[in-house]
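Each chain gets a letter, A, B, C and D, in the order it is written, and its residues are counted from 1.
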Amino acid sequence: MFAQLLFLLSAVLTVGCAIAVAVTKNIMHSCIFLLGSLIGIAGLYATLGADFVAVTQIMVYVGGIVILMLFAVMLTGGKDFVSRAQNLLGLAPSMGNKWTYGIGLFVGLVFLLTNIKLLSNIMKSYPAKTFGNEFPSTVSQIGHLLVKEHVLAFELSSVLLLGALVGAAIIARPRKQ
Amino acid sequence: MISLISYLIISLVLFIVGLVVMISRKNIVAILLGIELILNAAALNFVAYSRYVTNNLDGHIFSLFIIVVAAAEAAVGLAIVIRFFQIKETIHIDEATQLRN
Amino acid sequence: MNQTLVSYLSQYEFYDVLIGIFGKNEGLLAFVIYLLFAAAIVGLCATIGGLGTYAERKISADIQQRIGPNRVGPYGILQFLADGVKMITKEDVMPNTADKFLFYLAPMLALIGVFATLAVLPWSSGFMMADLNVGIFYLIAISSLVGVSVFLGGYASNSKWSMLGGLRGASQIISYEIPVTISVLSITLLAGGMGFGTILSQQQGTPIHWFIFHNPFAFIAFFVYFIGALAETNRAPFDLPEAESELVSGYHTEYTGMRFGFFALAEYIEVFVVCGVGAALFLGGGNLPFNVQFDIIPLQLFQVVIFMTKALILYYVVIWIRWTFPRLRVDQLMSICWKYLTPIAIFNLVGNAVWIVVFNGKSIADLVFGGH
Amino acid sequence: MTPAQFDGLMPIVILMGIAVLLFAGGHFVSVLLAPKKPSILKQTPYECGEQPVGSAWSAFNVRFYVVGLIFIIFDVESVLMFPVATIFKELNEVGEGGYALIVFLSFISVLIEGIAYCWKKGDLDWVKSFQVSNKK
């Protein structure tokens, strides 16, 4: 009962905020809606039993990426970023107009429904498993996987992050024009 | 109980919205927002499949690394945006026409 | 593993009576129990936050040889109620150039971020609402919403003072999150788990079993955590985002009335939360100083008292530090975080890992007195 | 997913709900009780009595971004270290402590390289980053 409620809340938050990202004009508001969408996805992870991934999502996205994006908007926007903001309804001619988007949406929906109809037969062979104690603590299992099976990816990710840090610091470092 | 297909639909909607944001916006930061949405849609699928289909935690590991890569991508991407703004005084994507100034 | 308040209460007999009253609907009963307990905790924390403002003034008055608030109630102890009523009845002013949506959203985000941390705070071994097995990690993650709200509060006001305060506040909060996180990581290493239940169950007994005395590195880690926590909650000497001599009032310059009150409430509750976390991680939390084999409700309440005492002592130290040390400069702030605290925290982490391997996870007390 | 795990998420949702309700309730009471006499002077952003010139939403110094950048890298690395730290003691007890220590230390050493690089290049100095840039 509560799981369904949590799922519903998270799904509404995720999808609603994602659509709001697309339709708001102000880039700052878009960032905040993205924040809501990411929190909603963390809730969805929680309903899937992925507690560690859910908290990681909050930690990295809410505490890190969104703040970084807000900083970047602040550093680049200047005073005229509201006027230059664009949304779905104020597009340049080459990007299509309301009609092309409407037709695209319709075609997409038809495609989606067909696919769901096709996929739902395949999905039936994967019945929704009911989980007892199969994920007692994802944290220690993830730890074991990171240290044993995926140790190379674990170590390489730190090198990737080092590369990102050095590269981004070189690019963004203040210098005399 | 909640079925796999509902997660897939949410993920699909996120992916489409992210794609639309990427296509329709002319602000580079907004395009990065769209990329984040797409990456999250993929990560959500991984976790959903790992719960309903494969029944192990490899999907969790995969989505963890997606989050790591997303962080690195956002850091470098936003640094490029800031540098671009310092040179061009704008972050309109159509202004990005040269590989070097 | 994943003990919750409801699963704790269900071992008592009165739980069965309650189940009967609710017609076997365990979900509804759990909801009601959580709701009541959450309301009680929020009320308690709001009172602590309110009394925190009172204590702040009274202690500062004591340090500066003044009297402090003494008009409302005995010794002025009802001052915070008077302040609250004043804030509700003040006019709500918003700059006409402000971003209205974000201006409303910012205090709410601060409130959500702080209240959500209360869910895992260990009041006693039984009375914690949810002993998630990602407990402390969750707490760190969700409290970063406060950083977003500080930035948004500064941005939305569209005032230069607020904007500077918000930018400074956000960069300070995120910077000091690193030493705090790495110190917490040391404790995770020592405890072998992130849940508060796991962490607390390893610190039972006399103070010598607390994690602060586990090894020399953990001892240093406590101070790194405490300094970082001071900075994360924007307390003096790290209160640069609201430095009144430089930035008027920082990110909440333009906030008046109720919304300012919510910012202040969130800030004071957050100070209590970080003090409580410090007490739980390093100082043994609500553990009794002696071993008891049975578990009854009064004993749990006694644990709550112990936990509150430790947390409030840390709270006193926070206020004491505020009125003792001068404020830092921005460049000093950043160099303290990145050049001192973070390297020390990493050093502590490596030291703890090596200690565990070399001494096989034994603490100093175990090595000296034997045991475990 | 055990039922207890879902129960553990319930207080979080309830507390968030209480926060939103408290905010809304406070606003409601404030609307009822507070006076409402707006004037143009009250609604001007505070600048110590001066007339505000321009908007506050202008481009800021890039140093804030560099701090955020270093933060996010460290944040992600500490996130990855949490599960390993959780099982470190457990691995030590089954005699794999040396292996775990090597994995852990090699991860941390890359982290230290990152902070050493930024330190050397002056990204950690709030003031000096200007002087470094002037030389180029």
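Just so it is clear, a residue touches a chain if its C-beta (ideal position, glycine included) is under 8 Å from a C-beta of that chain, and two chains touch if they have at least 3 such contacts.
Owing to the predicted nature of the structure, the values given are computational and were not obtained by experimental measurement.
Across the two interfaces under comparison, C-D and B-D, the one joined by more C-beta contacts turns out to be C-D.
Taking each chain's centre as the average of its CA atoms, chain C and chain D sit 15 Å apart.
Chain centres here are Cα averages; for chain A and chain D they lie 18 Å apart. Mean C-alpha positions place chain A and chain B at a centre distance of 6 Å. Each of the following residues of chain C touches two or more other chains: 1-2, 30-31, 132, 137, 155, 167, 170-171, 174, 177, 193-194.
Multi-chain contact residues of chain D, defined as those touching 2 or more other chains: 2, 5, 7, 9-10, 55, 57, 59-60, 62, 64-65, 68-73, 75-76, 79-80, 82, 85-87, 90, 100, 111, 118.
Along chain A, residues 2-3, 48-49, 51-52, 56, 59-60, 63-65, 67-68, 71-72, 74-78, 81, 131, 135-136, 139, 142, 146, 157, 161, 164-165, 168-169, 172 each make contact with two or more other chains.
If touching chains are joined by edges, the resulting network of the protein chains shown has some other shape, matching none of path, cycle, star or complete graph. By the contact rule set out at the top, the touching chain pairs are A-B, A-C, A-D, B-D, C-D. Contact residues on chain A toward chain C in their complex (touch as defined above): 1-2, 26, 28-29, 32, 35, 51-52, 55-56, 58-59, 62-64, 66-67, 70-71, 74, 136-137, 139. By the touch criterion given at the top, residues 59, 62, 65, 69, 72-73, 75-76, 79-80 of chain D touch chain B in their complex. Contact residues on chain B toward chain A in their complex (touch as defined above): 1-10, 12-14, 16-18, 20-21, 23-27, 29-30, 32-34, 36-37, 40, 43-44, 47-48, 50-53, 55, 57-58, 60-61, 63-65, 67-76, 78-83, 85-86, 89-92. Put simply, chain A touches chain B in their complex at residues 3-4, 7, 11, 14-15, 18-19, 21-22, 27, 30-31, 34, 37-38, 41, 44-45, 47-50, 52-53, 56-57, 60-61, 64-65, 68-69, 71-73, 75-78, 81, 84-88, 91-92, 95, 108, 112, 116, 119-120, 123, 126, 128-131, 134-135, 138, 141-142, 145-146, 150, 153, 157, 160-161, 163-165, 167-169, 171-172, 177.
Within the complex formed with chain D, the chain C residues making contact are 1-7, 30-31, 34-35, 37-39, 42, 88-98, 107-108, 111-112, 114-116, 118-119, 129-132, 137, 155, 157-163, 167, 170-171, 174-175, 177-178, 181-182, 185, 188-194, 248, 253-254, 257-258, 261-262, 330-331, 333-335, 338-339, 342-343, 346, 349-350, 353-354, 356-357, 360-361.
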